[in-house]
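What follows is a set of structures for review.
Here come two complexes built around chain A, the first alongside chain B, the second alongside chain C.
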Partner chain A sequence: MSDLRPHLLKRGPLLLTALLLCALPFYLDAFWLRIGLFSMAAAIGAVGLGLLSGTAGQLSLGHAFFLAVGAYGYVWLAGEPGPGLPPAVAAVLAVLLAGAAGGLFSPVAGRVKGIYLGVATLALVFLGHHVLLTADSVTGGFNGRSVPPLELGGFTFAESDPELTVLGVPFGVEERLWYLGLALFAVTWFTARGLLRGRPGRALVALRDSETAASVMGVHVARYRSTAFVVSSMYAGLAGVLLALSFRRVVPDYFSLALSVDYLAMIVIGGLGSVAGATAGAVFVTALPLLMTRYADQLPLVAAPGSGDGSIGPTEASRYLYGAAIVVILLYAPDGLHGLARRTRARLRRRPSAPQPPGTGPVPAAAAASAASDTTARAKEHTP
Partner chain B sequence: MTAPAAAPPALDVAGVTVRFAGLLALDDVSFTVAPGTVHAVIGPNGAGKSTCFNVLSGLYRPTAGSVRLGAAELTRLAPHRIAALGVARTFQNIVTTQGTVADNLMLGRHALSHAGFAASALRLPRAVREQRAHLAKAREIAELTGLGAHFDAPVALLSYGDRKRVELARALCLEPRVLLLDEPVAGMNAAERIRMTEVVREIRAELGLSVVLVEHDMGLVMRLADEVTVLDFGRAIAHGTPDEVRRDPEVLRAYLGTTTGEDAA
Partner chain C sequence: MTGFLDSLLNGLALGSVYALIALGFVTIFKASGVLSFTHGSLLLLGGYLVAVLHDDIDFAGALAVAVLVTAAVAGALDRLVLQRVGGTDPHAAHVQTIVTIGIDIVLVTDLARRIGGDLLPLGDPWGSAVTDLGPVTVADSRIAAILVSAVAIGGAFALFRFTPWGLSLRAAAEDREAAALMGVRLTRVRTAAWCLAGALAALAAVFLVAFPAPGLERTTGQIALKAFPAAILGGMTSPVGALVGSMLIGLTEAFVAGYQSDLHVLGEGFGDVAPYAVMVLVLLVRPAGLFAAKGAARV
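Coming up: the complex of A and B.
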């Protein structure tokens, strides 16, 4: 515990990744940064959905609705038809607004279980889409609204104001938003993992695995279900704000049922119930269509966007691809990318240690699984 | 934390009737679990033993009757409220959740801890400290129930007997005043049975709690129970000490068949 080395060993990869991510804007152009930004926003939303659907076992098809509440909430609160609040305040309020929207739905979310909640939340998406199209004064109707840039203590997340050049690299919108996205994602990572490893996370897992056991152990079933829903909505709201800032324009058609399904695809591909998995899934599902659009001309069977001759466009192609990915993952790695990575890591770790003292190595399956849990260090401490 | 504090209040079951549509699962069943004793509820399959447990833990609401723990009326409380009063149970068919033994035992500490969503998400020092303290306590209970070596092992990889013990340990983590054990040795081999019996005897002696035991293993019942209630077709047909019940002609006819004495051990 007091020894620093295992601590560093455990945190090392995380720190390294963080450093790498911070350095990227100095090397990548706007296209890649934009992919990263959308991925980060999606990851925040996916972590939220993962908490609800992966950990608590409550299916939600209404995630797009809460993303929309976050995005439009920010635009309206900070924008001209609207109260015109300072953007930073508007961003915080937009997240709370999404949480409140989730709270309004909590009488349903607390009582309805699993797949039935999925059907109930379906209604939210259609309702939301309709409101976005018709409430012109707030949402701008079909054409949507442009997004006021975020401003933090005189620093604007826009092309200029103030003009900024760091180490010879001019910092435009993408570079600035990149760091904002990183910070927000870090907050998401920190809080979601705290939740999952703490008392609420265990209660939610118990609810998913056996409602009876959970309630008999003292878990207030309805309260935990609805709180999970609210928290998930708040992450969606945060993702919505970041998406709005990255798109610089919000339009109703983006927040359709397909978006909800995309988020479900993210958490299934990534692996249910893990923050890292949701992140990996989010990057995969977000980056794939953008990359395919960019490199359409070099890919076989994929037509350039807008050629419109009945061949497969990049967006459709990427949908086919991640549809296939879902099938493959469900068949061969039901615990998703996260589970796959975990098992690979466990296998790599076991191989070099194999010739070591035979008595200390637990059975392979146990080793794989205990390496899987984040409690490896503790397990070692207590094996005599 | 209120470990071996004052003796637990008596658990008083009075006139409990449970009706499922046309089926009378429990018919006017009454018994009292005296503080600090082991009370066995036995009976043939389908006699209503598990239904009885589900009423005690709040999963079923009886059609009539009352269950009192001290001054508290349990039949009006939701399961999580009953748990908070210190009533813990195990299940006939093992019901554990995903994760390690530690995760399962920590679920047992749920009612005794407080960290909510916000405190856990922000990892407030209070929540971190609480988690650490409860983890230590859970480890202690794992040692007590012979699970110390498996504390960080995934439950799914444990043997059947160990998983049964996880359930027991999880219930103990609630620091219960009344412990409901639903067939704690069902499906175990002889050695596992003996160990389980020892564990139950030990925890009762050490923690001074009341135990309500549903069991088919007559040997275990005879060795552990202070008092026995026999159910048959939802009705309590006999009460008494194990010896009295064993000699009760009604019981012999309904439960043990026509032969005398118990065979299993």
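Coming up: the complex of A and C.
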């Protein structure tokens, strides 16, 4: 028992959170479940973008394009017109398709670096949007297409078929998709953390901090850059599939530049280069406009949607807020929510211990962590 | 043949407007290493000011006020917000680039809210007048765009070449540290660069929404993004490259739109996205752009 306890203590918060998340569908109504669902999808996408922009230091504004590839890929592969594959197969293929799209872009992604890549990926969003609008037979044009529900071994993620009631709670679309989203998010969480803490993560961080030094240490620059791009697009594709399933209809105008900027906002607000941060940022950016819309009548300064020109609607209010959040966070807490949480934790942990002599600064672990996050905030580049 | 000449003139007019914006990008990038994503909102701000003011004071006065105010706003953004994130340190340029995205979100949201769903006329003196130039008919606004851009760009180049500020800017772009040691005030140089870029963006706004276009709308700012491919094609650090890139982009867009019927494989409205296609193609061959200085990494 004694060697189990530290293990439990370490894993405890994680287990507790997982249990809590599993229990939520029994207590929340569809509105909150939808918020959660969109947040989970956004979190998967944001973790992918975090790998690329936070860890590898490659700015990408093309995330909306890969989300679109995932979403539309699933809809086309699983639906009519289209091959009409089994939905589960279509979902897997859609993720691979998004990865392949990232791979096709890798001749550019591997060689163009930093903020240049941000501009190059702008092209993807605009070209992709154009294709979505014009390739009617595949994408349904301006009006988009409806999304066929996912099926897994006879179980459908839809309102019925089979009817399902667990502990007196009827399981509709939101409840079923909630568990699907949770499972997919768990996969994302563990794979992304594994990647970041393993050899690839270290290589990418080295690459971000100094390209020359990294290549001297044996990091294959172009290969790692394009791999990061491909992996990030696959996460985006997965997020796209989940988004399509939760929206039940995909339209081209959703996958615009504004969506890419939203994802960038998520990882900046959450703290670059951290999986937990990206998740927190995703929840913040996704839930804010929805909550504001719901509670518009109770908020000061915010008018109900469509109440005339010149008033601040909930969508605008939330855009003001997170636009300002990006600026404020980068001004005062460059490591985002994640860094704030870690510093608070370090401070709480320090307080009970013996008083330190003035000037020694934070505990070594925290110091090392904050040093690491400094480099996260300022991606270094050695150019003449 | 007239179709060809039409497209050529359209392309030149469009290219010269993009050149105004792209020159702003390049100036800012040379001075601070920041890619300014606020340009869309600065452009929108300039256009909005002209649209609101031209009834009270005449068009020329409104334009002058808009150019000055936009320049001041751009300078203030750099001095009061961007320079607080790491100052003039080149390593902070990435973070500052992301800050410009945040500023852009706030500004665009606010301006779009004020503009609403309307199309605002700018009250420019050219209206819908046209001139016959031999076989082709050109909108006066297009001729004005080419002439005014030529003058403004010539002026900017003269600033780079003949003023102390231009010398400081070029020195800072060449070697920041050495320039600082020689007494160049980096903060002032870059704030002035932002002001110049803001003024150029406000000027560009007027021609972007003049006659063939319907008027200022909430999405006008997005057009500024098309100057990104122009600046990237030129290699980001070269003003001449930005000019060439802008012309290339403008001509591509005009020709694709002009010969739309022959290019219907590419779909309706491909002209709007053609600049991006050109950019991807060029980046495939030359990842650093057409006119970039050869880079050498020092450890």
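Everything that follows uses one rule, which is that the second predicted complex is superposed on the first by the 351 of 384 C-alpha atoms of A that agree within 3 Å, B and C clash if a C-alpha of one lies under 4 Å from a C-alpha of the other, contacts with A are read in each partner's own complex, and residues count from 1 in each chain.
Here is the rule we use: a contact is a pair of C-beta atoms (placed from the backbone, for glycine too) under 8 Å apart; a residue touches a chain by one contact, two chains touch by 3 or more.
What you see is a predicted model; the values in this text were computed from it and never measured.
Q: Contacts for A:Leu264 in the overlay, against chain B (first) and chain C (second): which applies, first, second, both or neither?
A: It touches chain C, and chain B stays clear.
Q: Can A:Ser210 be said to touch chain B (first), chain C (second), both, or neither?
A: A:Ser210: touches chain B and chain C.
Q: By the touch definition at the top of the document, which applies to A:Ala100: first (chain B), second (chain C), both, or neither?
A: neither
Q: Touch check for A:Arg202: first (chain B), second (chain C), both, or neither?
A: A:Arg202 sits against chain B, while chain C stays out of touch.
Q: Of the two partners chain B and chain C, indicate the one touching more residues belonging to chain A.
A: Partner with more touched residues of chain A: C.
Q: Counting only touches as set out at the top, which of chain B and chain C does A:Leu24 meet: first, second, both, neither?
A: Touch partners of A:Leu24: none, neither chain B nor chain C.
Q: According to the stated criteria, A:Val131 is in contact with first (chain B), second (chain C), both, or neither; which is it?
A: Touch status of A:Val131: second partner only.
Q: For chain A, which residues lie in the overlap of the chain B contacts and the chain C contacts?
A: On chain A, the overlap between the chain B and chain C contacts is residues 210, 212-213, 216, 378-379, 382-383.
Q: Of all residues in chain A, which touch chain C in the complex?
A: 57, 59, 107-108, 111-112, 114-116, 118-120, 122-123, 126-127, 129-131, 133-135, 210-213, 216, 257, 261, 264-265, 268, 309-310, 312-313, 316, 319-320, 322-327, 330-331, 334, 377-384
Q: List the residues on chain A that touch chain B in their complex, please.
A: The touching residues are 190-192, 194-195, 197-203, 205-206, 208-210, 212-221, 227, 231, 365-366, 369-370, 372-373, 375, 378-379, 382-383.
Q: Within the complex, which stretch of chain C touches chain A?
A: Contacts found on chain C: 35, 81, 84-86, 89-95, 97-99, 101-106, 109-110, 112-114, 116, 222, 225, 228-229, 232, 236, 266-270, 272-273, 276-277, 279-280, 283-284, 287, 295-299.
Q: Using the touch definition from the top, list the residues of chain B that touch chain A in their complex.
A: Going by the criterion above, the answer is residues 57-59, 78-80, 82-84, 88-89, 91, 95-100, 102-103, 106-108, 110-111, 113-117, 119-123, 127, 130-131, 148-149, 151-154, 156-157, 170, 174.
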